[in-house]
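Each in structure tokens, the structures are laid out below.
Across the two complexes that follow, subunit A remains constant while its partner is subunit B and subsequently subunit C.
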Partner chain A sequence: MWTTALISGISLGSFYTLIALGFALIYGVTRNFNLAHGELLVLAGYAAYWLWKTWTIPFLMTFPAAVIVMLVACFVLQRLFSRLGEPRELNSIVLSFGIVILLQNAMLFLFSSDYRLIRVPAFGKGLFLFDAYISNSQLILLLLSLVVIGLISLLMNRTYLGKALRATIQDKEAAALAGIHVKAMGTIAFSLGAVLIGLAGPLYGATHYLYPSTGHSVTLLAITITIFAGVGRMRGVILAGWILGLAESVAVILLGASWREMVGAVLLISFLFFKPHGILGKGEQ
Partner chain B sequence: MQNGEEPNKIISIEKNSKPRVKRRRVDEGGLVLLFFVLLLLPVLVRHDDYILQVFTHALLLATLALAWNILGISGSISLGHAAFFGAGAYTSALLSLESGISPWLTIPLGGLLSSGLGLVMGLICMRLRGAYFALATLAFVEIPRVITDNWDGLTRGSLGLVGLPGLPSLHLGSWYIHIGSSVAASYYLVLIHALFLSGLVGFIFHSNLGIALQAIREEEIAAQSIGIRIERFRLFSLLVSAFFAGVSGACYAHMVRYIGPELVYGIHFSAAPMIFALCGGRLTIVGPALAALILYPVDQFIFHPLLPAGHEFLYGAVLVLVVIYLPRGFWGSIRKAP
Partner chain C sequence: MKKNPENYRNVFFILFKHLTLVICLLISSFLGEADAASTIKIGEINPLSGKFAQQGIEIHQGVEVALAEANEAGGIGGQRLELISRDDQSLPDVAISRAEELCGKIQVIAITGGYVDSLVGPISEVARKYKIPYVASASLQKELVMNKNPYFFRVSRLQGFVEPLCGALAEQFHPERLAIIHASTPGSTELARDLEACLQSRGITVALMEKFRPGTPDFTPLIGKLASMNIDVIISGGFTPDHMLLIRQLKENRVSPKAYIGPFGIAYESFMQAMGDDAEYLFSTSAWAPEFTLPGTEKTSDAFVQRFRRMFNRQPNTTNMHGYTSAQALIGAIREVVNRHMPLTGDNIRRMLSEIDMALPMERLVFDLQGDPKHYNHVVVQIRKGKIEAVYPPQRATATAIYPMPGWDQRK
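Up next, the complex of A and B:
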């Protein structure tokens, strides 16, 4: 039982990392908390579901479509965020909370409140490894997440663009002084975030039930991981994702599935309690 | 340069000062007019139950928005007032259902329990500022919601509580007022509560507490340096705010007579007070209530029949527009001076 929990925790945790990466990137570079992150992800899932269900497009082909939808959505989002005044972080929370309500109701109108699932035949089967059962969906979730995380990791740490992004995350003014086009970095962060959401959305739709208000828990876990790990630190994000995934699977075994939603919330509040000055917390020096 | 700026300044002062006096008169007159319209509403709509029910709910949301703004004065934005609303609703509902205590007593008890929950939230989150406080409150709602959802023995879990006792009749001498069954009576009850709360918020605004809270909002370090105990004032405003949010929740439970965890702890009751307060104007006394009285009926009478599913997108759209174009809220923009 514990091996199963370990496997599901690691698999889910890697997926959580994939989800949180886009949020962390957008926050780090542009200082906008995008509370609509989860809703965008669910929207991407719905887009994939719609293509798969009504046009019988193969599951793999829904990814590019979802990415395109998310690129458009994130472009609009960035336009809106760019009009905000100070204090930017708080205003971005309020603005994106409005977008959350907009998107939830739009999805309620378009797809109704029924539970939807993209049924991919390959996801249903599984295999036994030693004494634990691993479903294909867990394996695919783990592998795909790790591949994408690896690619983003390479981009951030091995390329010139990644260096510029990291510099912007660390210090906007200094980055601008060094000749980095900070605004362009913001656009790139939003685009990368959109690609990540577009990849994660259909995967979410194939492994979790989709309904209009489910994005809220996704947003919470993205915030939790980002607050714990800080931005721009890839290893921290992966670690935080795994901790959250494992904590959730342990809570499901010990307390029952309905307590799962509280794990992220309690972790987030305790992280905030110990790091009240925020993610980049340099303290009050 | 300086010579060029002098006359400009004078002109701008004149420009601002003249209409301000006029505006004051206009908007104060507007408030008095609104008061009489609200007072006579049951007669004006010829006791149409549906319209009255919508306005009763709008007034209830107005009380929630006013309660929210007691915390909002200090500059904190809470995304989790559903925690207090739901806790108040559940406390009052369970007490009156299980032990048969009169709702007149259980409603304030619901407020007290919400205040206790506010104390827990305050002790954890009061160290946080701005965006991080908002994020913590957003996560905080999950705690009472999941506990209520899972404590089947006490709260009947996700089934919710059905058949709650309505508000009992009041008898003053030979006069009986059937608040539970008469729509107009419960309308007036909520109206009285909303007026009382507006008065209280007005009192807080002009009291030392309110001035201290506004100082904290404007410049925290300066406020601290003149001896304002920031943590204590913020915690106190949170407790008061949580109490009245809980009272609103308790009233809701006894008027709607059905509650469930997804309903009372849902995003609706976290979002609604915040949206009304920001749309009406966070720096004004009655702005939040006015926004509730306008937006909710617009939603119910116009958007709900048009779009049965997803009509609440209105609130999201209004919030987005207000944050970008009217950061002071509409009432705050009409009345420049708070």
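Up next, the complex of A and C:
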């Protein structure tokens, strides 16, 4: 039972990370608080579902299409956000809230109010790993999330582009003075965010379910993990996702399923109180 | 000022413009009154968007069928029935404002629709304030009928789920280790408690009782717990998306209970389509399906199915029938008021509702003193080859239950 909880916690935590990375990146670089993050993810899931169901395209092949859809959607979103004045965070909340309503109704119109699933036969199987059973869906969630997280970490830490992105996250004005094209960084952040959402969407449809109004719980999750991690801390996002996933799994075993969200909320409040700069923050001002 | 012909022309033009406007307004108000006089306005509030949109839309469709049927038959006393629909967006505060609009501003004579107690409850209080009868389509919480609201009626009740489930478990399934997991909603929690009490009275112990939030993203730890306790029968009081995730994760983790029973949200074509073969052998309950209607109502049921198919191009389900039944109750009561030459007031409609006795496909509709339906009873069903088969009680069964369900490894 404990091994199950451990595997489930890490697998779910990795997926949480994948969901939150796009949000954290866009917010960190552009300071746009995108409340429509979850709706975009669900939209990517629906795009994959439509291809899988209507054109019987194999599940894996739906990822590139979902990424393209998200690149277009995020391009439009960025154009809209770029018109906003200060205070940027507040204005972006208002704008993205409007987009949430628009997207939810559009999805309701296009895909109806039925719950949709992408059925991947391989997900129903699994394998034993050191006497512990791990299902294929958990394994794929874990591996894909780790690969994406690894690539993002490499990009952020080993490339000039990553350094420029991090510099923009830390201090926009200083980055601009250092010759970094801050506006271009915003476009790159939105594009990377779109790729991450485009990868998470089909996975969400294959491991959870799609429904026009499920996006808000995804957004809430992304916000929670970004707060855990501390704004702009990509490594913190990974750690925060795992901690949340594990804490929720252990809470179900120890305390019962009804305590799951309570434990997440207590963790969030504790982090805000004791580590207001995030899980890896050092208390800087 | 000079007497300029241009000025006269301008004054005349302005006067003409205003006069035309006044005439138009008068005509439209006359037309409006004439239209209002020839229709009976019935209000309907449903979650047409938000998290309960699917069920809200289905109830709305059922209500539409009932009204279309009545209007095609000539309306009531020569007057057409006009349905004024509002979307509560699955939010209680919006439900209140929509009810205020329908009762206070539009002044409908009665309200129907409504899904889940958190939305139905607030609407029922507004209806009480305006003394307008409200027949809820889908509501279970006992507290709502204990408020002694004389204007509140509903076509469903919790015992309608509990009795057949308890009977099937005690008489057919005989579980050794049973778990009840339920959503943290009032209706689901009450169902779990009442079912536990009923099972205990029949000698069945509940080994595990767990509550979860609807929309939980991962059931794997809970499944680990169920497997470690050797649970053989799972009763899940979750809703459609919870079942989808839970069943899928049961399969992924190779946990095969002897029976998985989900009273809410399984016996639906949309669920079966989404789940494919994984929906096979699952148990649920249903108040009505085209395959099993209340004995003696086969003609009405068939007529409903035909009309529904014509209107919406698909097979109706039990939620559609809930909408149809609640609207039929109102139509029946209004017709009775008109036939007795009584003024069409909220109080008169309420009185007729309390006297109603209608044989409808879903139930013989008679309300008790609290507004609860006396004869609302589900049947236990099992999904077999993509169809819903009634398996309990024996007198309404269309097939014998396959119990235990074949394990995931035994299926093709």
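Keep in mind that, in the parts below, the second predicted complex is superposed on the first by the 243 of 285 C-alpha atoms of A that agree within 3 Å, B and C clash if a C-alpha of one lies under 4 Å from a C-alpha of the other, contacts with A are read in each partner's own complex, and residues count from 1 in each chain.
Simple rule for what comes next: a residue touches a chain if its C-beta (ideal position, glycine included) is under 8 Å from a C-beta of that chain, and two chains touch if they have at least 3 such contacts.
All values reported here derive from a predicted model rather than from experimental measurement.
**Student:** Between subunit B (first) and subunit C (second), which does A:G124 come into contact with in this model arrangement: first, second, both, or neither?
**Tutor:** second
**Student:** Going by the contact rule set out at the top, does A:N91 touch subunit B (first), subunit C (second), both, or neither?
**Tutor:** So A:N91 only meets subunit B here.
**Student:** Considering only touches as defined above, state whether A:S213 meets subunit B (first), subunit C (second), both or neither.
**Tutor:** both
**Student:** First (subunit B), second (subunit C), both or neither: which does A:P58 touch?
**Tutor:** neither
**Student:** I'd like to know which partner A:E248 touches here: subunit B for first, subunit C for second, both or neither.
**Tutor:** second
**Student:** Report for A:S258: first if it touches subunit B alone, second if subunit C alone, otherwise both or neither.
**Tutor:** both
**Student:** Would you check which partner chain A:Q138 touches, where first means subunit B only, second means subunit C only, and both and neither mean what they say?
**Tutor:** Once the two structures are laid over each other on A, A:Q138 reaches subunit C alone.
**Student:** Based on the superposed arrangement, let me know which partner A:L108 touches: subunit B (first), subunit C (second), both, or neither?
**Tutor:** Both subunit B and subunit C are touched by A:L108.
**Student:** Determine where on subunit A the residues touched by subunit B overlap those touched by subunit C, and list them.
**Tutor:** 104-105, 108, 113, 213, 256, 258, 261
**Student:** Using the touch rule from the top, collect the residues of subunit A that touch subunit C in their complex.
**Tutor:** Going through subunit A, the ones touching subunit C are 1, 4-5, 7-9, 12, 104-105, 108, 113-117, 119, 123-124, 126, 133, 135-138, 208-209, 211-214, 217, 221, 248-250, 252-253, 256-258, 260-261.
**Student:** Which residues of subunit A touch subunit B once you look at their complex with the stated criterion?
**Tutor:** 33, 35, 80, 83-85, 87, 89-95, 97-109, 112-113, 213, 216, 220, 223-224, 227, 256, 258-259, 261-262, 264-266, 268-269, 272-273, 276, 278
**Student:** Where on subunit C is subunit A touching in the complex?
**Tutor:** Contact set of subunit C toward subunit A: 49-51, 53-54, 56-57, 90, 181, 184, 210-213, 215-218, 220-225, 227-228, 240-241, 244-245, 248-249, 251-254, 270-271, 273-276, 278, 408.
**Student:** Contact residues on subunit B for subunit A in the complex?
**Tutor:** Touching subunit A: residues 77, 79, 124-125, 127-132, 134-136, 138-143, 146-147, 149-150, 267, 271, 274-275, 278, 307, 309-313, 315-320, 323-324, 327 of subunit B.
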